[in-house]
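Please read through the structure below; I'll follow up with questions.
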Amino acid sequence: MAKMTMVQAINLALRQEMEKDDRVIVLGEDVGRDGGVFRVTDELIDAFGENRSVDTPLAEAAIVGMSIGMAVYGLRPICEIQFSGFSYLAFHQIECHAARLRLRSQGLCEVPLVVRAPYGGGVHALEHHSESREAYYAHTPGLKMVIPSGPKNARALLVSAVRDPDPVIFFEPKATYRAFREEVPEEEETLPLGKSVKVQEGKDLTVISYGAMMRPTLEAAEALKADDGVESEVIDLLSISPLDHEACAASVKKTGRAVIVHEAPRSFGPGAEIASRIMEESFFYLEAPIARVTGFDVHIPLFSRETAYLPGKDRIIRAAREVLNT
Amino acid sequence: MPRKKIKLPYAVDYLSILNEKGKLDKELEPDIPEDMLLKLYRFMVLGRMFDDQLLSLQRQGRMGTFAPISGQEAAQLGAVALLRPSDWFVPSFRETGAELWRGRSLESVILVFAGYAEGASVRKEGKEAEQPVTNMPVAVPVGTQILHAVGIGWGIQYREKEDVVMTFFGDGATSEGDFHEGMNFAGVYQCPVVFVCQNNHWAISVPREKQTRSKTLAQKALGYGIPGIQVDGNDVLAVYAAAEEAVDRARSGDGPSMIECVTYRMKMHTTADDPKRYRQEEEVEKWKKQDPISRYRKYLKDKDVLSDKKVEEMENAIQEEIKSAVKRAEEKMKDFSDPLQMFDHLYSERPLYLEAQRKALAEETETRKENAEEEKGE
Amino acid sequence: MARPFKLPDLGEGVHEGEVLSVLVSVGDSVNEGDPILEVETDKAAVEVPSPFTGNVEEIKVKPGDTIQVGDVLLTFSDAEAGEEKPPEEAPPKKEKEEKREKAEEKKRKAEAEPEASEAKKETPEGEKEGPVPASPATRRLARELGVDLKAVSPSGPGGRVTSDDIRTFAEKGKGEKPEEKAPPEQVEKEQPKAHPIEEKSPELPDFSRWGAVEQVPVRSIRRATAKQMALAWSQIPHVYSQDMVDMTKLEAFRQKHKENVQGKGGKLSVTVFALKAAATALKQHPRFNASLDVGAGEMVLKQYYHIGVAVGTEEGLVVPVIRDVDRKSILELSIELSDLVKRTREREVNLEEMQGGTFTITNVGPMGGGYFAPIINFPEVAILGMGAARMQPLVIEEAEGKHEVAPRFMMPVVLSIDHRIVDGADALQFMRTFIDAMEDPEEMFITMT
Amino acid sequence: MVMGELSQDTELLVIGAGPGGYAAAFRAADLGMDVTMVDMENRPGGECIFRGCIPSKALLFLADLLHDARRVEDMGVKFSEPKLDLDRIRDWKNEVIDQLAQGLVTLSEKRGIQRIQGRALFESPNQVRLQDSDVSKIKFRRAVLATGSYPRPLPNISFERGSRIMDSAGALELPDIPERLLIVGGGYVSMEMGTVYAALGSRVTVAVRSERLLRGADPDLVEPLVKKLQGMFENIHFNTRVASMKEKADEVDVKLEGEVGKAAQHFDRVLVAIGRKPSSDGIGLENTGVKVNDRGYVEVDEKRRTADENIFAVGDVAGGPLLAHKAFREGKVAAEVIKGLPSAFDVRAIPAVVYTDPQVAWCGLREESARREKKSIDVVRYPWKFSGRAATVGVQEGLTKLVIDPDSGRVLGVGITGRSTEGLISEGVLAVEMGAVAEDVGFSIHPHPTLSETVGEAAEIFVGSVTHHLPKKPAR
């Protein structure tokens, strides 16, 4: 077993799926010779040739639109949008076709497509390079919206996404791309889409998060344990859609308190949906109002202020204490 | 440091074989077998008559909005006639004639226009129903289907097949980004795609002149390193000849082509549209004189392939076919009343939360039915 | 730059002491090596020398304070680096500073030319003979066990310290030194902060309920004694063997040579003979000259005979050790013992002299005691107690099986043994050897090795 | 990376993947640490593999062959003049480098060490910024600084790629065989590269500022080499410095100053080998607590800790002899200390080997420094003319000597000149490290006839039981 960064783990997933299945094609801007601007597709072109690791012209809509055609034709395209902030240029293709062709054709056409895109802040980038807009896709029927939080689950989720018969939007937390390494087995691993994982058990509080926010969330849980003796149950959603609302509600039934953490803007964000589900399914178990620790309802500021925007350990601890003291 | 003309690999040709009187340019006449000539005629008439039938159903409130094809029969059928069953057909939303040619059933069209999604899966019975899917469903967002055609073309090339893809779009679509991106990608990857533009002169209310400053639409292909040709879109022989050339090119691995069929939308954009607001009747009258069907009929008669008697028999048969299709469709609609169908075909497997929502609707529907029955009882 | 001076590790598991006196005042200029404090530790009173040359800036302790290794005792200003012990438990900032200072020191030592550096590595400053010869593996072991190579007596050729030397040296301190795991990161040593005498001792009632009480702190030697005894008692299953020694002949011999020895500066006490006799017995019964290593499941048989002698002082019982008893003459022993006892009472004995014993003798005779049950000086295997000899009637078997009663000078002796290592029968045999030697001085000199 | 700054956390960051760096990284990984290794090259190996030990020894192997081929004429074997294929030589040398570097890549990968190409600059005592890299920042708990050193240029003359004025790296690239080569400096690089170029046919001139060559070694060990080199080189100018140097299109004009007949001379190429400088500047050390001495070396203690508690330093940048094997040991020490093991760099004999013909090697206490410091030592010399093995390979000018503590008989240092001393010196290293006495060395049986006997017999001179030489003192 080797330790890998998320970049290497995703690369491993791509490589192995490409080896196993010649229907799997990687395409996007700079994914071939350059290996992707984050090196996620590094050296795939050497292993599989430019027909499998395809450099495309610069057009997001065409990358996704062409991938839809490829998927309908029977291939398993994995297209990369260089930054999720540019995925809106292909939004109509995702919304109007990827999400709908199965329905429109009444099951005659399938779109087994994965759209990979790095998302989120914390890497000091320019405008449009730090957004967290998973809600757009989670809000769209017909799509699956997946966000891993570490190398190991990124690899397993991506393998599942590639094999899934439905279109999957796969957001990669770029702040976590190389932030830490984990043991990732060479042997195949998958994780079911739509299922969360309980990262740690606890009885006092449920903290729900995903993606890049898992790190500050876990740090906060650790600090709460050390300073306040609070045992937090931490849930890593992994999929925003389908949402594992059952796991969230079940945990809150045990703890009675919940904090939801995401870096996406607050209003109409995933936290709103999660909180509603908890409320619907475990209202009578709640001891305190559900707290959301999220980005503000502004565009993520240019990077000198992004730390102030992004939820961090302290903000999570504050929210947790408020919930605990109610 | 000269300033000189750059020689481009392609120039734009214009092709016309039958004039508006149905007179033939013998030299350009394509070699089409007789049964194909008749089949073409039959589908052109079917397209026109079905259009009329649909309009009538819509006007009666038995069906919803649809986009008529009248006037564009030659442009659609002359092109699609070149495809083999294993070739791919990627339509926009005004290619009913071509869709029928590709095997879509009449009742499927009626059902979808009547608001029943499951109509899309109603296929012709017999052998054709078992063929693998090579026809895409209609795409309403203008021009977006072009990219799918490119992706399919890429796949054909990747699998080293001899198949080709033909995609249809209108003059308005050439203003869309997806058209340009698609042409560009197809050019870059040399995908076996035939781009058929039905320049019917009107994008709803905006005339062709206001879509683009280009003299032709075909010339846009040149920008992407793709050959483009403009043809008389109401001359089925010209369309056929141009499509034959393009399909051969694609099939032999020489990449994509674009065909601009200059034609005319004889009717409204959709049944929800009133063209009198933006165009003159005189223009329509002028184009009526160039009707593709009558022109072609004259050619066939001149060629002794068709007789008045045969025309009448054919029209009667088509009328019967349409009638029985409407009947079958309306029968089916009764079975399709279940609103829960909306939860079908969203995902390969229905997720739990959707199941819950479906159940909620089922309960609601049940209650509504019970209430209605109670009311009746009183 | 102000420099703190901390109580250095005095070795042998000593980690606290009581300040007896402060020999300097604020503002004094002190040279490296000058005594600055007198500290009484568990083992002895020691003078603590200054590691720096500089001025005393602040004195942080006063007589009577209990101080622990690592405590800051005083600070110096303008201190020049002398041979400073590695800093311990300093607050992070200071530690950093000190490290930097250390690095500076290193730099001064560091080479100018690569090859010169190599040469200097061979001879650290101020040391004529260069590094202690030892193999790299031995040096690694020494670091692991926290042993200073210079403190170890080498047994290899050319003065080479072997791995066995290191282990033996480390063993000596065992039992008194809390076992320490290799510390994480760079923390070299962490001493326990609190030192309750007996941690599991139940809570005491409020004695003042029944009358007036005075609370006197238990310090240094008393405290050490308390701990040591409790440890020995709790760890060692004691068995006693008692007997009488007919001292008549020896006493005559002693009286005869007493003056002569006194003239040479010694005191020919009964203990001197007991030392010699004990060494003889220890040689014949090596398991009494051992220690039990419970952790290793081993018996450590020592091949040297260093015997401790319990000496009563005002502060409590102290056990200085006489080395290599087997190799010393009666005369040498009597001179050494009287000197040692004198210095012990005057608290001038140093720590080193109280370490490394293999067996202990405690003679309560001079105070007129009879039988008693001494507690073994952990981690030794046995202790010999001697009472006061007095004239007693004894039935003696004369020739031809006739018995008669005669007045003899008889001394009660008790041997406490560690039953884990030796048995009662062993004790009887040990006692037999010891008694035979004591009863017959000639025999003693013959059996002496 | 085109946009933004990706940062990464690691337990141990090793900066520099040369011998010190990769030794530290490998040991740390074996001890279970999460290790990231940054280097400007894309493969580990550092100066040693790419521009130092390895390529030079590859070329010296050929030089030895060429010299030997000439030498044996005297013994009755005559080879025809060798044909040199410079391209193939260069390729072969690069193949050697490739093979070793690739081996290190595999070893790194198997150990789970993350390798990142880039240049690291400290931003704080627990973070570096990377230049020319996919990763922008690395946060670390501990760092091992192993940035090495670089060739010191002459004042105002920098080394340009492709210039006629070369540093050792440039010379190892073997651009051509210059007809006239000037070597500035009298250290081992000068001697070794001079040997290579002389063997390939260059006329070599050496200019050295001091009155002797290889100042790091005892003069008696260097003497046979100087004799040999005086025959091999065209000129060795002692007490001579370069006053000026000007590169022209087809040659270099040099003005020499000192004990040299002709001041103005012309050469096709010049190799400047006047020492190395530590790579400690421009890497942001000022943002850490690390202290650097006035010669640029990072100050470390015996545990290779710098003045900054998070940062360790090993290899050339930490000073001491600039030798790969010293760095290897230091790297391991640093890794072990970081892991909390009781490790220290307390070696007593760092061997040095000069791969000339004759080869010179030494370790431990040098006679010259002991005398300078007025230490009481005993020195025994065993000239190789008494060695049977030396006679059979025609290297009777060799010498083996031991520096011994007269009281204990302990072996304090060993020096050897001759042939295969690279192997012979290791016995000396072991003796010094083990604290062996001369008897230990002398009474260990050395196979006969071998050159290793010279070490045993030298020890026996001291003991007084020598066979092939007269004892120094009466037998004990």
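Each chain gets a letter, A, B, C and D, in the order it is written, and its residues are counted from 1.
What we mean here is this: a contact is a pair of C-beta atoms (placed from the backbone, for glycine too) under 8 Å apart; a residue touches a chain by one contact, two chains touch by 3 or more.
None of these values were measured; they are calculated from a predicted model.
Shared contact partners of subunit B and subunit D, listed by label: A. The interface with the greater count of contacting C-beta pairs, when A-D is set against C-D, is C-D. Closest to the middle of the protein, by Cα centroid, lies chain A. Computed centre separation for the pair subunit A/subunit C is 68 angstrom, with centres defined by C-alpha atoms. The distance from the centre of subunit C to the centre of subunit D, with each centre set as the mean of the Cα atoms, comes to 51 Å.
Each chain gets a centre from the mean of its Cα atoms; for subunit B and subunit C, those two points are 106 Å apart. Multi-chain contact residues of subunit B (touching two or more other chains) are absent. Not a single residue in subunit D touches at least two other chains.
Annotation for subunit A: no residues touch 2 or more other chains. Interchain contacts link the chains end to end along an open line, per the touch definition above.
Contact between chains, as defined at the top, is found for A-B, A-D, C-D.
Considering their complex, residues 25, 51, 56-57, 59, 61-62, 64-75, 77, 92-93, 96-97, 101-110, 141-142, 144, 164-166, 194, 242-243, 245-246 of subunit A touch subunit B. Considering their complex, residues 2-3, 5, 37-39, 83, 123-126, 129-130, 174-175, 177-181, 303 of subunit A touch subunit D. Interface residues of subunit C facing subunit D in the complex, by the touch rule stated above, are 92, 95-96, 99-100, 102-104, 106-107, 110-119, 121-123, 130-131, 133-136, 139-140, 143-144, 156-161, 182-186.
Those residues of subunit B that touch subunit A in the shared complex are 88, 90, 117-118, 120-121, 133, 136-141, 144, 146-156, 158, 177-178, 181-182, 184-185, 188, 344-348, 351-353.
On the subunit D side of its complex with subunit C, the touching residues are 215-217, 289, 291, 293, 295, 297, 299-301, 303, 305-309, 319-322, 337-338, 340-344, 346-348, 350, 352, 364-366, 369-370, 373, 375, 405, 408-410, 412-413, 433-437, 439-440.
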